[in-house]
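Going by the order they are written in, the chains are A, B and C; count residues from 1 in each one.
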Amino acid sequence: MNLLLKELRHNPLLWLLVFVPAVLAGEKLKPDAHTLLFVLSVLAIVPLAALLSHATESVAAKTGDTVGGLLNATLGNLTELVIALAALRAGQYMLVKASIAGAIVTNTLFMLGASFLVGGLTHHLQEYNRVSARVQAGLLFLATVALLIPSAVSQADSAGGAAFTQKLSVGLAVLLIAAYAMGMVFSLKTHPELFASAESGEAGPAPWPVGLALGTLAGVTVLVALVSEVFVESVQQAAVAFGMTPAFVGFIVVALVGGAAEMASAFSGARKNRLDLSVGIALGSASQIALFVAPVLVLLSYAIGPAPMDLRFWPGAVVMVLIATMTASLVTTSGRSAWFVGVLVLMVYLIFAMTLYLLPPRA
Amino acid sequence: MNLLLKELRHNPLLWLLVFVPAVLAGEKLKPDAHTLLFVLSVLAIVPLAALLSHATESVAAKTGDTVGGLLNATLGNLTELVIALAALRAGQYMLVKASIAGAIVTNTLFMLGASFLVGGLTHHLQEYNRVSARVQAGLLFLATVALLIPSAVSQADSAGGAAFTQKLSVGLAVLLIAAYAMGMVFSLKTHPELFASAESGEAGPAPWPVGLALGTLAGVTVLVALVSEVFVESVQQAAVAFGMTPAFVGFIVVALVGGAAEMASAFSGARKNRLDLSVGIALGSASQIALFVAPVLVLLSYAIGPAPMDLRFWPGAVVMVLIATMTASLVTTSGRSAWFVGVLVLMVYLIFAMTLYLLPPRA
Amino acid sequence: MNLLLKELRHNPLLWLLVFVPAVLAGEKLKPDAHTLLFVLSVLAIVPLAALLSHATESVAAKTGDTVGGLLNATLGNLTELVIALAALRAGQYMLVKASIAGAIVTNTLFMLGASFLVGGLTHHLQEYNRVSARVQAGLLFLATVALLIPSAVSQADSAGGAAFTQKLSVGLAVLLIAAYAMGMVFSLKTHPELFASAESGEAGPAPWPVGLALGTLAGVTVLVALVSEVFVESVQQAAVAFGMTPAFVGFIVVALVGGAAEMASAFSGARKNRLDLSVGIALGSASQIALFVAPVLVLLSYAIGPAPMDLRFWPGAVVMVLIATMTASLVTTSGRSAWFVGVLVLMVYLIFAMTLYLLPPRA
């Protein structure tokens, strides 16, 4: 408990934890104040995500390299997964899919671009391990291609009906999870040296004792789940109130909220001239969404959703995800970065955000 | 003849030659047993392709570097060409186009991916000449772009009618063959050093005497032509019997059957840690399909087909070919490979195959 | 004046200046001889563009590195800008957009490809600074992506109406100009060393005195504006007379005419084995069109055009621009070139030109 308090004093982000009881109380007292509940739930998720991330790292640090790497890789996007599950249970498949595509775009463009910019403002030219970045960008590219094939083919060919897309999505989900498992064997067992610098956790604060970490992990996950439910319920009405389109909310707002904790780590790495860390977090997290979170959601939709969910994305989302991963591939092949590279990558993100913000809602 | 028998004992694949008389006899005795004839013709084409490939290499080895390279480059995809010609004469343009696109996809994804996997299972990290791989991947990329432009433009713009596509396809065929001829001047005359390691034929078995080789070349080509006719006639009905869509047959089955001999060489190169050879065969063979086989078929359709054939591909095929060549470009730029790279490339191929298998046939 | 005469004797291109009075006289005397006026205006624009380019370089050489770089970057595509402004005032938005897309395609494919070919015919293998080429190709890729997003999204999603595209285009234009300004800070102030060799102007002829240069700049700009008006008025009817589609005229003819002066510099650099210069001119000029000329035209359409112009391109143009910039990225990453690379890049351009030439005009 002492450690938790010390952490609180150390990390101003955690003061936001006060919004967790606030949002839960608000939900009971004013269930119709959607805009208020939306704002409160966003403010509550951010510190919970930070706690979750730190707890995962602490457990990982104690359990040795392989199990730890496994945990980190599986629980790293736990916040995104829990939010998406809440949307899945509510049957809001458009929101689920938008948040999957948005998380990939936000991680590859915003997290990467802002890391380059933040790093470039204090360092003239930054170099990073381009072999490792290339392996990760390649993995991400192939993962995205795999994820988008049902959309691309069913878009190109209207002959395929809903039954076709559904069967294809399930088969694909199984393949993606298999690829993810093999990727873990690759990065943790057979070729850990290729990923070495990107996974060194030493940049973070001191790890917690396992008991505290496990308890925090369990307790905070429950809290994230509760708050996510409020978030998902209120987000649509709040969006209308703020003049935001549903596409903008799913793509930008959910993705920024869900990834806040990882972004903090990535930016801190960039400032310390450890771009390997930033690139590893950004690309690794995006791959994980494509290879693990997305297929798990497809399979779980059969168990907990009102209807099966497929992997057919809205065409504009396909374009954005493809451009995002191609940009990431292109930008990371050189192993060097300067502030303007960050500006250009952020500009692409800004253009996407502007497009989604202006896009008229579909009838 | 002795040499041929020695070859038979040495190469278990050639035992399949027994299916050549079987399929020709079957065609006479049971012309309606489509499924049986399909299976027999597949089993017969594989060893014939292997013989053809060895005969070509033997002639090439005897005729000196330039003429030999020319022969190798022109006859390397003879099997694919003969099968496609049989389909062309039968007026099955969907099958011809599917087999062109499928051969590019299969060579770049399956042959390359399986080579990386096979090599990676016995070698931790494999390095290969990345300059040569880059030249070949660039050539393949540009060749594919050229091949796909009529589809891309006519897809994007419905204003172009059939007459437009036909004129464009003929003009394009002439340009592609001119580029192919100049590519040969480049790789054999002016810059052979860039392609050096990829074309050293020393990994294969001892060459045959020229007389035997030329005789085999002529005789086996006739046999392939005869068997291909049975194959093309039976493939559609057999596909229905096996529950395969026509797209799957053209893309996957024909391409795997036609390329079996080259795959054997590529995998054997990978196992011997000579990935240069494997990458050269995979990318070179794919370029050849795009730059030589496809335009020759377009031009020949005016002479032997029931109607002119254009180069407009089914939109899903365009997507797959583009992704395949982009994957090949991306994967080969680093000049390094490990087993997981192979797994990812194969996964993309598997996803394509699954999509085509599930795709409902068009009405 | 002596200098101007010396220049005339030195540079045979300038003899074409005789067509400037010819076209202006023709416009007065035979305003309906569209074909004649078209040919005369093309012949008149080429030498004016060369003078404009030399005058800009002369002013730049005298004003020091930063201001000079700024001038060069802003006025480098003055000819294209003036021609597009004439078309904008005439309300010919199809022609304006075709000339924007065409200038990007022509600079990246024709100028780059012909430079590689011209250089490769006299040098076996040419090496150039690949770091600088990569920065420029990356900048161009991201610029193009930004420029094409409205088309891609509105194509993929028909929900967006005209109002949406218009708002998006204006927002985008502001973002692009901001990116362009920051790019100038980057290349001239904070990281000039990355662009060093590409911007050394020493390959050109001796600079003029500032007075002459400024006078030429002002006078020639007026002349280009006058001739451009004749060009824009006559181009449509002349196209019909020559059997050219409007798309072909905008994409190919206008782009080749407008970029003639830069092409002469790029080819001369290639012949002197200074490919850095050629690559810098080709990619830099293409980026400038996307990041500066295009957004300026969008914003100016509110002031001088009959109606606001948006950034939605004809789908076939989107495909061509994307392929062109991807080709440029791919081809320049290696930092090496040989004649066949030029042939392949030119082949892609030739295929585009053939497609546009054959494309039936839209009803």
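We adopt the following convention: contacts are C-beta pairs under 8 Å (C-beta built on N, C-alpha and C of every residue); 3 or more make two chains touch, one makes a residue touch a chain.
Keep in mind that this is a model prediction, so the values were computed, not measured.
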item: Neighbouring chains common to subunit A and subunit B, by label; value: C
item: Rotational angle, Cα trace of subunit A fitted to subunit C, multiple of 5°; value: 120
item: Interface numbering overlap (same over half, different under half) for subunit B and subunit C; value: different
item: Geometric centre distance via CA averages, subunit C-subunit B, whole Å; value: 41
item: Residues of subunit C whose C-beta touches two or more other chains; value: 333
item: Subunit C-touching residues of subunit B, taken from the complex the two chains share; value: 131, 134, 138-139, 141-142, 145-146, 149-150, 152-153, 156-157, 159-161, 164, 167-168, 171-172, 175, 179, 182-183, 186, 190-191, 194, 329, 333
item: Contact set on subunit C toward subunit B in their complex; value: 124-125, 314-316, 318-320, 323, 327, 330-331, 333-334, 336, 338-341, 343-345, 347-348, 350-352, 354-355, 358-360, 362-363
